[in-house]
Amino acid sequence: MKRELPLTIAFIAGIAFIIAYFIPHPPFNRFENWFSDWFAIIAAFAIWLGALNLMKISFIKIIRKKSDWLHAILIIISFVIILFFGFYEGYRGLHADPPFSFRDPGTSFDWIYVNVYTPLSATMFALLAFFVASASYRAFRARNLEATLLLLAAFFVMLGRVPVGDIITGWLPMEYQMSQWASWIMNVLNTAGQRAIMIGIALGLVSTSLRIILGLERAYMGGD
Amino acid sequence: MKVKELLAAVIIVLFFLLCYFFSPKPVQFSPTVSVVVIILLSLAFVYVFIRTFQGKFIGRRTVFVFVGVSLLLPFFMQFSLPVLISPEVRSVYDALEELPPGSKVLASFDYDPASAPELQPMADAFMKYAFEHGLKVIIMGLWPQGPQQADQSVQAAFAENPGLRDSIKYGRDYVNLGFQAGNEFVILRMGESFKAMFPTDLYNTPYDSIPLLKNVSNFSNVDFGMNFSAGKPGTVEWVQIASDRYKLPMGAGNTAVQAPMAYPYMKKGESGRKQLIGLLGGMAGGAEFEKLTKKQAKATTYLLSQSFAHMVVIMFIIIGNVAFFREKKEKE
Amino acid sequence: MADRFTAVYICLLFALLLFFSPSTPVIAQDKPDADTVKLSSIPPDTILPEYYPLSPSNIRVSDVPNDAGGSLIIEWDLSPDDHEGGKVKEYIVLRSKAAKGPFEEVGNATQGATSFRDNRTQRGVKFFYKVTALNYEKTDGEFLWKASSESDVAGPAVSTAQWFNFDRLNIFIGIIILCGAIIYFIVAAQKGKSFYIRKIAGIEEVENAVGRATEMGRPIYYVPGISDMDDVQTLASVTILGRVAAIAAENDTRIDVPVSRSMVMVTAREVVKEAYSKAGRPDAFQEDQVRYLTDDQFGYAAAIDGLFVREKPATIFLIGAFFAESLIMAETGNSIGAIQISGTAMPAQLPFFIAACDFTLIGEELFAASAYLSHEPKLLGSLKGQDLGKAVFLIAILIGVILESFGIPVHELFAVK
Amino acid sequence: MEFWHVFGIWFAAALTIGIISFLYRDNVLYKICEAIFVGTSAGYWFIVFFWDNLYKKFYVQVSDPTNPERYVPWVGFVLGVLMLTRLFSKIGWMSRWPMAFIVGAVAGLYMMIYFVSNAMVQVSSTIMPVFIGSWSEIIANTTIAIGTFCGLVYFFFSKEHRGAFGGAARIGIWFLMITFGASFGYTVMSRMSLMIGRLDFLFGTWLGMIP
């Protein structure tokens, strides 16, 4: 009951969605849309488990005065604040006339989004500008032939995508300028490599999906 | 909290307060000052080069300082670099030029404020171009913040060319259908019917009462698709479903990191049909499109900062290799 | 057990064949006679006769094949007046349920178009269509005058749903061959047939990497990517987590799994608990080893960076679906001197893992890792099936490229309509 | 309202500086920003999931009598409730049913999507005539065909990389390394522009020092 039934459910669901791809006749053509809605609803329930886990761990840190208990308080406070405004604005938006969404500009939820969430998210993303530089400094060294190819390709594409590259090769006719090399590397060499990887991924993914549907990979089921 | 950490925090706060209250607004280097700054930067590089050659290798934090400085200083300088048009950007522009006035363009904004520096300038240029050439724009978004970014592009177009404010009417010349969760399944369902996916637009007016959408039931009634994408869902999903399955001619604007993924789709298949007609790749793509639509703006000024930062990265790759060969020689 | 699957597999194939009910496109029966000119609603005397464009002819209506029904394609020959600067500005498509019945407008097509697809028809209901060529003059959106002439009625036409999408026949055959090959080699492996499987550096290193953490007495961190359970990369990562957790349990080293999705938390807990009990140390497993941080991409990256820098793990696994945050984690992991084994099937992120990590599983290698680490013959057999798929594609490319040069469209076999 | 706007910009600037300070070393300012980020972002997605998924996708669709598919979301609801049984260890195993359904459906669904778009389409576009067209097209098509061919050979699991096969695999890894280098080079540009955006905010919107 604990293992055999779930594996059968997985098998039936897998086969159903493979067949649905080939049958346009209703209801099969609706499977993909139904699944996307079901998944969204299940995920909306599951996030309660995650949030409760985050709160539990933070509370334990505070009660047991662990090293970073101050930050646990901050996590709980910011979580509760945005939760309060999210529900408040959402509820108020539903019953307002004309109704508005909690995301609309001007709501307090949007204020948190614009002034707290977005700067944190954008700045964390922007740290990549520094990390990409330090990674290049460390990794692009001509250790062997493969590393040299990696280095040269990055070098030429980087130079080609910026006007400086064309200034250096200005004396060449238009189609042999640095930016055209970069475009050629991207359009031909990069396409070839991407295709080999994509085909490989497709085959690997089909094999993994099949192993899961046939119940050979049952790790996700856990113990009895 | 160690004293060193506190000291560093105090210095940072003081620096920014000084800038806030006492610095002239805006700061603009005269050409001579700009040249001096560039010379100083180059000298710093030469110094690092020599130290590495002598075997004293620099650490990550030196790289960070150089990148930070080279990104910031060009903001205050005043000269822009020549921009060369790449074929991918050219084909998007030509595809838009071929659309007769009154054609319907589906513009999907699939990015968030974090990727705005790269995609907003090209989105603004696209919106202004569409309004000025009488293209009817149907805006939607697969990312929650997409439609808001699209609204910024519309306001930027109105600010850039006030004449548009009265000739362009919401509902007749452009409409914003807002965000819809569901990633690629949104595109799938739009293949059957836009109305099923967007019963109302962003401002809750029902689909059928919008004049622009009167005869638009799905992709076959739209003449061109433009997608601004910073990840998943984005251009790959639009190509896989809207272009492959529903044959919608597609152009796209991508962050530079997403662009390589889209290149395979631009190869002309045997049937002569390109899965993706063209691509605006990153800031450079934005600057090229701005040049084509004759609207030099933020993308062009940012490009100078970016060129400096690029040069810094390239210099550090060279210095990194010098360090590697120096190390190898020491081992032998 | 595997032969039970082959039996199911064959009857699945047979059931599909049963469903074939070729759909016959419905073509309009009566041929339209001479076209008739009907005046539009504007009073006739104000519009001169020569403004009236000639109507389109030869109207054909057919059911859109290979769809769920509800769509009909209306095709017509261009009206003689439809040329550059000609009188036809637009075509209006009108529909009604009866030949004579009230016609209502269902769509328009620009000048020069010869077809329109009506997606708003009910399945199995008869419809009649006619197309009008429209000439008009308007200033900033308001019509000055309109002159249109209608074609004859075409129909009745019925839209039907098909049980098999013949456009996807090549995909159907392709997936049957691939799945057949994978199942064949799984069954063969079960019967004791052994295969050579090449070494993959990243996977060989897993044992040493866990060993390093044991020697240094520092924890192992396993980051299963930021996608939810609706991504096969996450499923593969969770399976690999099971193998890695088992090795960690045997070496009595703590393994931490900070996750970004709640469902991944639930599954990962099951997997790690099972791995600990299989390694005979069920008591060593604490629930909070697998904990949820946040669903947000960069919030998760920020929290992971904080954990790396404070806990200073000796070994880090970055396996699953990653997006832009991949280098944020990998570079921070590198800065604390940890051994990093990464694996993803996101082509855009592979360059960063190659640059920042010690070992990287590239695309397909991520999916092969769980089979490798299991050392189970039947899972290794599935890799042989994948290789057969690759062989088919390789030969297709080789022969295809040559034949294409002689004009034989081999690519059609693989084209997606 | 003006106060909240100015306070918002100052607060955003403080958070931006806090995150950037991580580059120097892990410090208290970064820990504060990280805690706020984790709490706020977890709450943000909790709210988005509640209103967009539970309310819009479930409640609105179910309570709309005109919707012919209004009973469909109930399946998602039941599976969601079963997922919540994880909270109680006695009946926690029931959460395996929705999980099995998701895993099975995802396996079946993405098997087809990836097989078509990643394998079939890419193979069909690689099969191009290599002796027809202009010089540049011939070189391009041949190189792509060889690159994809050798790249695939590299990924072979069950054959020793020796002899001609080994040679092709070697050419394959060369193509892959060039692809990674090119993608990396192409990406440096976009990462820089992210930081440019943040500096534009700090020194432009906040301090007003940029023209």
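Letters A, B, C and D mark the chains in the order given here, with residues in each chain numbered from 1 onward.
Just so we're on the same page, a contact is a pair of C-beta atoms (placed from the backbone, for glycine too) under 8 Å apart; a residue touches a chain by one contact, two chains touch by 3 or more.
Computed from a predicted structure; not experimentally measured.
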item	value
For subunit A and subunit D, chains touching each	B, C
Leader among chain pairs (count of C-beta contacts)	A-D
Inter-centroid spacing, subunit D versus subunit B (mean Cα positions, whole Å)	17
Inter-chain centre distance, subunit A versus subunit B - centres from mean C-alpha coordinates, in Å	19
Overlap residues in subunit B, where contacts from two or more other chains coincide	60, 64, 67-68, 71, 114-116, 144, 181, 244, 256-257, 259-261, 264, 267, 269-270, 281-282, 284, 306, 309-310, 313
Contacts with 2+ other chains: residues of subunit D	13, 19, 22-23, 31, 33-34, 37-38, 40-42, 44-46, 49, 52-53, 57, 83, 86, 96, 99, 102-103, 106-107, 110-112, 114-117, 119, 121-129, 144-145, 148, 152, 155, 176, 179-184, 186-189, 191-192, 194-195, 197
Sites on subunit A at which at least two other chains make contact	15, 18, 21, 32, 35, 37, 39-40, 42-43, 46-51, 54, 68, 118, 120-122, 124-134, 136, 138, 140, 150-151, 154-155, 158, 161-162, 186-187, 190-191, 194-195, 197-201, 203, 205-206, 208-210, 212, 220-222
Pairwise touch network: line, ring, star, complete, or other	complete
Of subunit C, residues touching subunit A in the complex	5, 12, 16, 19, 66-69, 161-165, 168, 171-172, 175, 178-179, 182-183, 186, 228, 230, 232, 235-236, 238-239, 241-242, 261-263, 265-267, 269-271, 273-274, 277, 288, 291-299, 301-302, 310, 324-325, 327-328, 330-332, 334, 345, 347, 350, 352, 354-356, 362-368, 370-371, 378-379, 382-383, 385-386, 389-390, 393
Partner subunit A, residues of subunit B touching it in the complex	60, 63-64, 66-68, 71, 81-84, 86-88, 112-116, 144, 148, 179, 181-183, 185, 188-189, 203-204, 256, 259-261, 263-264, 266-267, 281-282, 284, 303, 306-307, 309-314, 316-317, 319-321, 323-324
In the complex with subunit D, residue positions of subunit C that touch it	170-171, 174-175, 178, 195-198, 229-232, 235, 263, 266-267, 270, 293-296, 298-299, 302-303, 305-306, 309-310, 347-348, 350-352, 354-355, 362-365, 368, 383-384, 386-387, 389-390, 393-394, 396-398, 400-401, 404-405, 407, 410-416
Residue ranges of subunit C in contact with subunit B within the complex	68, 107-108, 110, 116-117, 119-120, 140-141, 298, 323-324, 335, 347-348, 404, 409, 411-412, 415-416
For the subunit A and subunit D complex, residues of the former touching the latter	2, 5-7, 9-18, 20-21, 30, 32, 34-35, 37-52, 54, 68, 71-72, 74-83, 86-87, 90, 101-102, 109, 111-133, 136, 140, 145-147, 149-158, 161-162, 182, 184-203, 205-206, 208-210, 212-213, 220-222
